[in-house]
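Next, two complexes with chain A in common: one pairs it with chain B, the other with chain C.
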Partner chain A sequence: MFAHCADPSTLEGFAWLACYLTNGKHMLFYGSFGTVLLLLAITAPVSLAFGFAGAVASRSHIPPVAWIGKLYTSIVRGVPDIVFFLFFVIALDQGIEWLRHQAICPDWTEPVRQGNDFVVCPEAKMPLSTAPQSIHEIYNFTLAVFTFAIVFGAFAANVLYGAMNAVPRPQLETAHAYGMNDRQTFWRILVPQMWVYALPGLGNLWMILIKATPLLFLLGVQDIVYWARELGGSKTAIYAYPHPDWRLYYFLFLLVFYLAFTRVSEVVLERITRKLSHGQATAAGEAMRREA
Partner chain B sequence: MNKLILSTAALALSAGFAVAQDVVRMGTEGAYPPYNFINDNGEVDGFERELGDELCTRAELTCEWVTNDWDSIIPNLTSGNYDTIIAGMSITEERDEVIDFTEAYFPPDPSVYVAMAEDVDVAGGVVAAQTGTIQASHVASTGATLVEFATPDETVAAVRNGEVDAVLADKAFLEPIANEDADLMIIGDDVMLGSGIGIGLRESDAELKATFDTAIQSMKADGSLNTLIEKWFEGMTGPY
Partner chain C sequence: MSCWESFQAYALRSLGLGERLLPKADITVCEQVVLIGSGLIWNVYFAAIALLLGFFFATALAMAKNAQNPWLRKPAEWFIFVFRGSPLFIQFFLAYEAFVLLPKAGIEFSLLGIEFGASTRWLTRAWLGATIVLFLNTSAYAAEIFYGALRSIPKGDLEAADAYGLTGLHRFRRIVWPTMLRLAWPAYTNEAIFLFHATTLVFFSGFPAWKQMGDALYYANYFADKTFNPFVPYPIVAGFFVLMTLVIISLFGMINKRLNRHLPKQKRRKIALRLNLIR
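Now for the complex of A and B:
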């Protein structure tokens, strides 16, 4: 990166370290923190939406809709995350390619499954094999986000379902008494009041989601754990910056990163809880009223 | 905005119809120097990078490099995430049942044991090897206790921290490590395993296999493969 880093073997001490920490590989490592944050930034709202849809479906008075909602939450919550991640991503990827294959290459005569091989026509590949590597990476990342959202959406659905049931019944009866219909009662009374009940559960999920991000590594996305392991491993003289086994320091750095991140999250969640408890008919809300 | 998305999608689809199979995605591990590794700029580097690029030039293919973990490198080939495995993979009967190999571009490389002391009992002790390698099956057959690791680097780290008595891996990988670390040494004689290293391909990809076979033969014929082997593997004379 810097001109004086051209020949690392002549460097020593701090200059060596400065060059080492700014080489191309480390830049990819720093960039992967962005990948993790981006994953969280997209996954959190999407899984909340999945959860909301799941909770509403589970509460539905139409039996098939309620079944779908309950089936979703119980199946996804019942399967270990890793199994779901490994199975679902491959199945989704092959499913998409198979559908594209049916649509784009109807004349293709060879079977899609040939022994161990999964063969679709080249035009149906997702993404196309001619696409640059970045497209492949974005595609993998999107699959990962979608899978995270489904898994965490199922847990969020259960939390929101419980929260909706926790809103005091008299609140809803009062709304009806004022002449609101079911839809108005739901959006104006139930939804605004349920968040305070959902928050502890959702906060928990957020923490678990942060800690689950290393699963990205399993999905072939080069995340911070991948780079920490890759950079920390001992390097012989074939590399420009040979060094012994430094995985301990890299993983220690990740540990500090995750601890700092979850600590910040705790503080923010605390504030949101205070804000949402304000004026609520809960013990916390009552305590705040007395303080004021 | 919707129009924009639609037209982009239409563009992507129409571009899709025009594809000829001329981009080959080369799958490698990126953790096994000098065969293949990620260099300090974050790019795939090593003997196989240079070899693969040269083969692609000769076969007039556009090649793109992809890294994948070793333990899932065969499943991801068969499911079509990339088109070749060029990752120091020895040709064995078990693998040949699942995928196809080109002819060998590297002779059977002897494997060696590396340990912290000369007197380690490699036949009865605890020996590390990378998961799913020919070395792992060899250790399992010797009566030693096999401990498997996902990456080559972890197998060596296990010797350093005393978790295992020795590690078995390709000599070309272990030799520089043993030379640079005063605590580690190669013990015993070379162990001959496998029948050379080839490029792994899907069994349904006969055409690509033929293309690479021709390119490898042409590199063997004009001696450029020997030159490449001598460049990356110190002290080795080109066998072809």
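Now for the complex of A and C:
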């Protein structure tokens, strides 16, 4: 980073620390915070979409569709989430490879499951074994995002389902009385009004999502936990910056990062709740009216 | 190997009894069910100890957070904030690294003529170290639930207690505590379920599985790695956990019934299940 960092063994004290904290590996560590934020930025809207689809399916008048929606939410919610994180990543990976295998090499005669092995033709591997490292990393990350979206989509579906039921019925009946059909009532009356009821649940879910991000580490993504373990482990003299086991300090740093993140989220969510409650016919809205 | 033989060999494998080597080739469904079920012993152990001890600590924390005195209130608030605001996964890692750095020391003492030994090395083992983390974590979550319940004790109950001249510990034991528990119990049931689910994180977060003695998910992960087939072991774990969740619900439901026994039927609070938390 700095010019004087060329030979770290001559450095002392603060200068050593400054060079140590700005070396290449540490830049990757700081970059991995971006990975976590990126995961949150993608997962939150995608799982909201999954949740919306799940909630709409659960409300459907067609029984099979309603069953699928209910099954989705109840299965994912009854089992420890980490089981799903471990399960979905392999299952999705194998599912994609199997589909590609069926499409690309139909002449392949050997069975895909040979005892303890899962064998597909080399052309169906995902990503191809010749692909560069970055493609592998992006593929892993995409699988992780998709897994998070499936699991959190189920939770979001539950919240949105409750919120849709919480919208006062007279509102919908009035819409019908004005001659709106089901579709119009849903999009113009139900959806705009459900958010105030969904917000506490969705806020909770956001906090849980933040606290679930360290599980990325288990999915083989080089996230902040991976780098904290990697960088914190004791380094012998053959490394440029030898130091004893510092993992404790790295994890302390992560702890502070998460505490700050959840605290900021809490404050922001409180503000949004106040905004949304304004002028609503709820207890919170009434309290705000009295204050004013 | 027949099903009964694999039951004999692996039923207590997670405690280090029975066959030493885990199955390597020709893994049968039976072996998977038995070994994963054996790992479940650890999940039950972690959850039971943490919940039992955490219950009392959480009550103390909730009282402290509700106190007027800032010397009591502030530490309780910070404790709850730190443990609820950060991921359990990070807490496990942090605790493990901290325990590893502790100086190796041991003490021996005799109690009632029996020699006991204790050493700080035990803290790096899952059975003690992870239990401590889970205990602190569940205390923080439960304390927040109990605190909320303390705040919503009906004013009339407390005024009635004052009118009858109940004060201090007597008032707490007869009025405040039972009412707090009654109000908090549905939420506390959910907390117990989340904690039980959270025990699966232990062996994926720093704490090594000593001599391959791990929990249900540890063995499921082992089988998934060995057979490249996630479609058998993970549904088995899921099945076990759904069953155990039902057991917890019925146990806590019985306690809930007892806490509400003095109320007329229609005023009793039902436990509403909201299985949706990760820590």
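The rule is short, and it goes like this: the second predicted complex is superposed on the first by the 291 of 292 C-alpha atoms of A that agree within 3 Å, B and C clash if a C-alpha of one lies under 4 Å from a C-alpha of the other, contacts with A are read in each partner's own complex, and residues count from 1 in each chain.
Going forward, a residue touches a chain if its C-beta (ideal position, glycine included) is under 8 Å from a C-beta of that chain, and two chains touch if they have at least 3 such contacts.
Not measured: the values here are computed from a predicted model.
Visitor: With the two complexes superposed on chain A, say which partner A:38 touches: chain B (first), chain C (second), both, or neither.
Guide: Touch partners of A:38: none, neither chain B nor chain C.
Visitor: Examine A:71 and indicate which partner it touches, taking first as chain B and second as chain C; both and neither are also allowed.
Guide: After superposing on A, A:71 lies clear of both chain B and chain C.
Visitor: For A:138, using the defined touch cut-off, is the partner it touches chain B, chain C, both, or neither? Pick first, second, both or neither.
Guide: So A:138 meets neither chain B nor chain C here.
Visitor: With both complexes superposed on chain A, which partner does A:287 reach: first (chain B), second (chain C), both or neither?
Guide: Once the two structures are laid over each other on A, A:287 reaches no partner at all.
Visitor: May I ask you to decide whether A:118 touches chain B, chain C, both, or neither, giving the answer as first, second, both or neither?
Guide: Both partners.
Visitor: Given the touch rule stated above, what does A:90 touch, chain B (first), chain C (second), both, or neither?
Guide: both
Visitor: So, A:49: does it touch chain B (first), chain C (second), both, or neither?
Guide: Touch status of A:49: no partner.
Visitor: Is A:81 in contact with chain B, with chain C, with both, or with neither (first, second, both, neither)?
Guide: Once the two structures are laid over each other on A, A:81 reaches chain C alone.
Visitor: Quick one: classify A:245 as touching chain B (first), chain C (second), both or neither.
Guide: Once the two structures are laid over each other on A, A:245 reaches both partners.
Visitor: Find the residues of chain A that appear in the contact set with chain B and again in the contact set with chain C.
Guide: Residues 90, 94, 116-118, 229, 245, 247 of chain A touch both chain B and chain C.
Visitor: Help me check something: in the complex, which residues belonging to chain B touch chain A?
Guide: The contact residues of chain B facing chain A are 13, 15-17, 19-25, 30-31, 33-34, 37-43, 46, 64-66, 68-69, 76, 78-81, 83, 98-99, 151, 153-154, 156-157, 160, 176-177, 180-181, 202-204.
Visitor: Using the touch rule from the top, collect the residues of chain A that touch chain C in their complex.
Guide: Of all residues in chain A, those touching chain C are 77-83, 86-87, 90-91, 94, 113, 116-118, 155, 158, 205, 208, 210-215, 217-218, 225, 228-229, 232, 245, 247-248, 251-252, 254-255, 258-259, 262-263.
Visitor: Can you tell me which positions in chain A touch chain B when the two form their complex?
Guide: Answer in residue numbers: 8, 23-25, 27-28, 90, 93-94, 97, 104, 110, 114-120, 122-125, 128-130, 132-133, 136, 220, 229-230, 233-234, 236-242, 244-245, 247.
Visitor: Using the touch definition from the top, list the residues of chain C that touch chain A in their complex.
Guide: 25, 27, 81-82, 85-91, 93-94, 97-98, 100-101, 197-198, 200-201, 204, 217, 220-221, 224, 226-231, 234, 237-238, 241-242, 245, 274-279
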